[in-house]
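Next, two complexes with subunit A in common: one pairs it with subunit B, the other with subunit C.
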Partner chain A sequence: MQNVLVLRIIFGLLAAVIAVFSVMAVCTRRILHAATYLLFVLFATAGLYFFLNYSFLGAVQLLVYAGGVIILYVFSILLTNTDREEPLPLFSLRRWLALLATVGGVALAGFLLLSNVWPQTELPVDAEIGMKQIGHTLMGTQKGQYLLPFEVMSVLLLACMVGALVIGRKRS
Partner chain B sequence: MFDFSVVTTWIDEGLRGIMPASGAIAIECVLIGVLLLAVYAVFALVLILAERKVCAAFQCRLGPNRVGPWGSIQTVADMVKIITKEIISIRHVDSFLHNLAPFLVIIASLLAFSCIPFAKGLQILDFNVGILFMVAASSIGIVGILLAGWSSNNKFSLIGAMRSGAQMISYELSIGLSIMTIVVLSGTMQISELVESQNDLWFIFKGHIPACIAFVVYLIAGTAETNRGPFDLPEAESELTAGYHTEYSGMHFGFYYVAEFVNMFIVAAIATTVFLGGWMPLHIPGLDAFNQAMDYIPSLVWFLAKSVVMVFVIMWFKWTFPRLRIDQLIRLEWKYLLPLNLVNLIVMVLIVALGWHF
Partner chain C sequence: MEPVVSMECYLIVSSIMFFAGIYGFITRKNLIATLISIELVLTSTDINFAVFNRFLYPGQLEGMFFTLFSIGVSAAETAVAIAIIINIYRNLKNVETRNLKKLKD
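Up next is the complex of A and B:
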């Protein structure tokens, strides 16, 4: 039973880090601080994957999100540099709409959580999923395998690259 | 050949005998953490001394020769000095990010360091995607460098950080792809299995031509990834004073300095593990007597000897080649190394599919 307690404590720590830094990332006024807090959130998420014994996803989370996406965020913040604050009116249509969307989103997420996930608590399985199994699932064409979504994602990335080239090319 | 896991299992069983499992794990975590930091610091001291001696030899000087025999405890004295130095707080900097950045760099370096298999059974982190985790962990350091450059409120720092970020992102692709070439050959990403499967022959011989190309590309990209010469333009003194760590003082600067040197060792250690057999002795199929003789040399000696040779080659680069310009550096990666690497990967896949390797 003591083992279960230790696992609960680790999970609680990771969850607290995710929750606290998510809120801080949204609340801070400095944009680079927000990116740093987001980095901490992504670290803790990777920690959750390692905690679940899914080390492949944890490593990919570190590589793609912490090592890739955050660096691109920081890069674009450094290149654009818009840390100046524009005073916004306290009440405006945009703010009311944002409030509405937030309340709606929280209600939806809360409903889904409470109706599906909340009552069940499962301990992580000890078995590691093999790299070969992940590879076959990702590259297979049978039912429950993911070749088509994988390729669609690559088309999306290609579109992003073409867009970046169009924006970034020199116009004579 | 002595297996270090005998020692670790003995400690583990001893601890579990006198306390519950979770307490034993907690104590082991603390022990490993302290040991890791100590080994990290010792490696950094030895490497800094080695760098100064090698540099002196290349420039026909003697190098440090006053403190201790042949100047051998010079870096210990330097360490004491830098620890007692004041960390100057600068006005108009973003102090949160400024103080956080060195720790991100050192944590990334430590995480990668803890994956290294030093000897048979002497490895801290080992799981089924170990080599991928190692590459992922070392990529976190770039965030630290970018944040350092931004938060210093200094144009030199900012330009240095941008250069460094661009350089490390670019060369990370080459590192990943050249390691991927060997992963294709071996069929595993677990570091211990990578070493075990070089029991009959090291991968650089097993995969012959594509493995050699991948090895050379890895060495170039690894040197660039650690911001060392001839790719040290993020901190080129003549242009940028000291690049992204211009504004850092005391031990905060020391963290960057130490991380840079240990990162060089990590690059050498990955080259050793992935291409040159790690701690595995030189085994040639068919020559049983020779293999038996090689087994008498301890695995730790094999690993350290190969790594020292690789570290020497990387130092040799630094004191031989002139520094590249930023556009030449980026062009080298994106126009030459990356296409070469992709073609090389396909060649390796073909060779493995057709069974043309040893």
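Up next is the complex of A and C:
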């Protein structure tokens, strides 16, 4: 019972971090601060994956986002030298329409989520997935195995690496 | 067996994150800030994949692998988008969205 309470408090902390920092990331004027808040949100998302017992997914999230994507963001913010965004006027039509659409969307999504009846499953919902099973699923060619998407992903990453080099190089 | 936190809590958290991203995508004027908003939207869908997999079909792995591939695709998208943004900065000396139509000239 004590354990369940501790786990619920941890989930509440992660959820609060995600909610607060994702709103702050889209509201702050400094772009560098927005990138930092995005990093906090991604860390908390990795925490949610660990909380769901998807340890491999959480590790990938930490590696790819904290190690790669955020560094790219920070470098591009510093390279483009635009740390401060000019403020949108407080009473612009676009801001209020966006706010209306957002609040309406959250209300609609929340209503649908809470009123829907989800199917129940008999299986235990907190079993850790072994690394061996993940490896076999990623590298197999049978039904429900993912060798082809894995290879397509590698071709996609190669193509976008070449594309980023071609687009970003200096023309003499 | 009753799970510690019900599925709706995860989904509400991810929907807050999704709509924060939508709001930022509409209102931000800087291209990098827009890209940060898109990243929020993508991550919230990743959470949904993992949560549906865990709570509705815990015997299978589809949602987990969709999340894995989605993380890879969004990293690729970020790399190309940032290359484009740096190239725009070289041409226009700023990255505001309202100046982008100057690129046609």
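The rule is simple: the second predicted complex is superposed on the first by the 123 of 172 C-alpha atoms of A that agree within 3 Å, B and C clash if a C-alpha of one lies under 4 Å from a C-alpha of the other, contacts with A are read in each partner's own complex, and residues count from 1 in each chain.
Keep this in mind: contacts are C-beta pairs under 8 Å (C-beta built on N, C-alpha and C of every residue); 3 or more make two chains touch, one makes a residue touch a chain.
Since the structure is predicted, the reported quantities are computational estimates derived from the model, not experimental observations.
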item	value
Partner chain(s) touched by A:Leu39 [first = subunit B, second = subunit C, both, neither]	first
When both partners are placed on the shared chain, which of subunit B and subunit C touches more of subunit A	C
Contacts of A:Leu90 with subunit B and subunit C, given as first, second, both or neither	neither
First, second, both or neither for A:Gly68, with subunit B first and subunit C second	both
Partner chain in contact with A:Val155 - subunit B first, subunit C second, else both or neither	neither
On subunit A, positions contacted by subunit B and by subunit C	56, 60, 68, 77
Contact set on subunit B toward subunit A in their complex	20-22, 25, 94, 96-97, 100, 127-129, 132-133, 135-137, 139-140, 142-143, 146-147, 149-151, 158, 161-162, 165, 169, 172, 188-189
Contacting residues of subunit A [partner subunit B, same complex]	2-3, 5-6, 30, 32-33, 36, 39, 55-56, 58-60, 62-63, 66-68, 70-71, 74-75, 77-78, 128, 130-131
Subunit A partner contacts - residues on subunit C that touch it in the complex	1, 3-5, 7-13, 15-24, 26-30, 32-33, 35-37, 39-40, 43, 46-47, 50-51, 54-62, 64-65, 67-69, 71-80, 82-87, 89-90, 94-96
Touch list for subunit A against partner subunit C, complex	4, 7-8, 11, 15, 18-19, 22-23, 25-27, 31, 34-35, 38, 41-42, 45, 48-49, 51-54, 56-57, 60-61, 64-65, 68-69, 72-73, 76-77, 79-82, 85-86, 88, 94-95, 97-99, 101-102, 105-106, 109-110, 113-114, 118-119, 121, 123-127, 129, 133-134, 137-138, 144, 146, 149, 153, 156-157, 160-161, 163-165, 167-168, 170
